[in-house]
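Worksheet for the structure shown next.
So that you can tell them apart, the chains are marked A, B, C and D in the order they are listed, and the count of residues begins at 1 in each.
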């Protein structure tokens, strides 16, 4: 988390092999917008980090692969879905390449005048990332390696989307 | 006739099965994304694992298997995703 | 948010007049613990910032006052309540003194092997802070000033606690 | 008798009403937090606004209004909180 090489990409959406930087996302959702009549009151964030364990396996590292242009479009789609439902500004960055245990693979920030919106949006976004963004993790564990396969990447699957809305909850 | 050629992009385990992430194949003039996928499954039997779970994108946009493909198109096959 | 004077207090609980620093909280919830068999997979955070508007008033600044020793005990109590319910490590820092629009008054971080726990704990903590921590905001707005009075600070009020659990939701 | 003395801590609007955040008062030997509060309300009528919403801490621990107070104790009165 405290990697000195951390970049400062304040774009709302990013896919990069560089270490992620939470300050950059917070800047992305709070800076500018002088026309906002009501500024942010709460900022939520989510950082996904490579865990040392998965399904009983001792994980050594992960290698993330993505279909970058389509993944960025999926980010934009998720952003539009989020804006339709909650009063938030969001940022979403995902890292690709080789990640060690404890390194951040994904960061999300959501700023809103209302903390309920910021929490719900942040949770919704990570669920949707796992559902529809064309990124894959290749897990290297003690004794082997495996491609992790999760959700079928169908952005039009409304059952999945409703499930993400339900998990985001509360609203 | 000059056959249409499409670029096929593969990811994750699909890439391991086929041995490359990018290949080129001929496609008939009435080909769809599904035609391309079935041709590939005939060539690499292990791809059949993905018959019900595969997603497809044509020219960097999600598409349906019945979407037509034209000469020069990029057809990407996506196994179930696991980002985050 | 990017104040250069930001301190790096990696204690789990802190009350300070210095600018808050989210990196310090994230470090607090992720560093050490070599005995953890399953490391963190998700880190959530909440940053409360001084908003330019409240109840239709144009806010100029806030002055936060606290009863520090009791506030720190309330933090510890909230930490114990959280640990009883979710598998998380948490950090909770609150700033006192004069805060300008956009400055952070409170920061919370929660790390867990499971993102659902991290989200629920973070939300629970901010609700409990607003319910039971002896800190008060003095609002200076265009045309006057007012002490904001919210919840009766009774940590034994189980109705309030159940309400925070409900809002944290989902689990 | 030598009267017991307690230190009273006040916060937020209570401090504005009384004009100070800390004062000292005598308390009888059977005094409770509630006795101290009522004495203060008699002295500063505006405090009656808080009759139903006030919380109390004795020596930096939350307490009930019927908690006894002894010589040298610190009794803090807390209006409804608004942190975060």
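Quick notes
Please note the rule applied: a contact is a pair of C-beta atoms (placed from the backbone, for glycine too) under 8 Å apart; a residue touches a chain by one contact, two chains touch by 3 or more.
Note that the structure is predicted; figures quoted are calculated from it, not measured.
Distance between chain A and chain C, defined via averaged C-alpha coordinates, is recorded as 23 Å.
Annotation: 27 Å between the Cα-based centres of chain A and chain B. Measuring from the averaged C-alpha position of chain B to that of chain C gives a distance of 49 Å.
Touching two or more other chains at once is no residue of chain D.
In chain C, the positions touching at least two other chains are 48, 126. If each chain is drawn as a node and touching chains are joined, the picture is a simple open line. Working note: touching chain pairs come out as A-B, A-C, C-D. The touching residues of chain A, when paired with chain C in their complex, are 1-2, 22-23, 26-27, 30, 37-49, 51-53, 101-102, 113, 115, 118-119, 122-123, 126, 167, 169-170. Per the touch definition, chain D reaches chain C in the complex via residues 9, 11-13, 16, 53, 55, 57, 60-62, 76, 78-84. Note for the complex: chain A touches chain B at residues 48, 64-67, 69-71, 73, 94, 105-106, 126, 129-138, 147-156.
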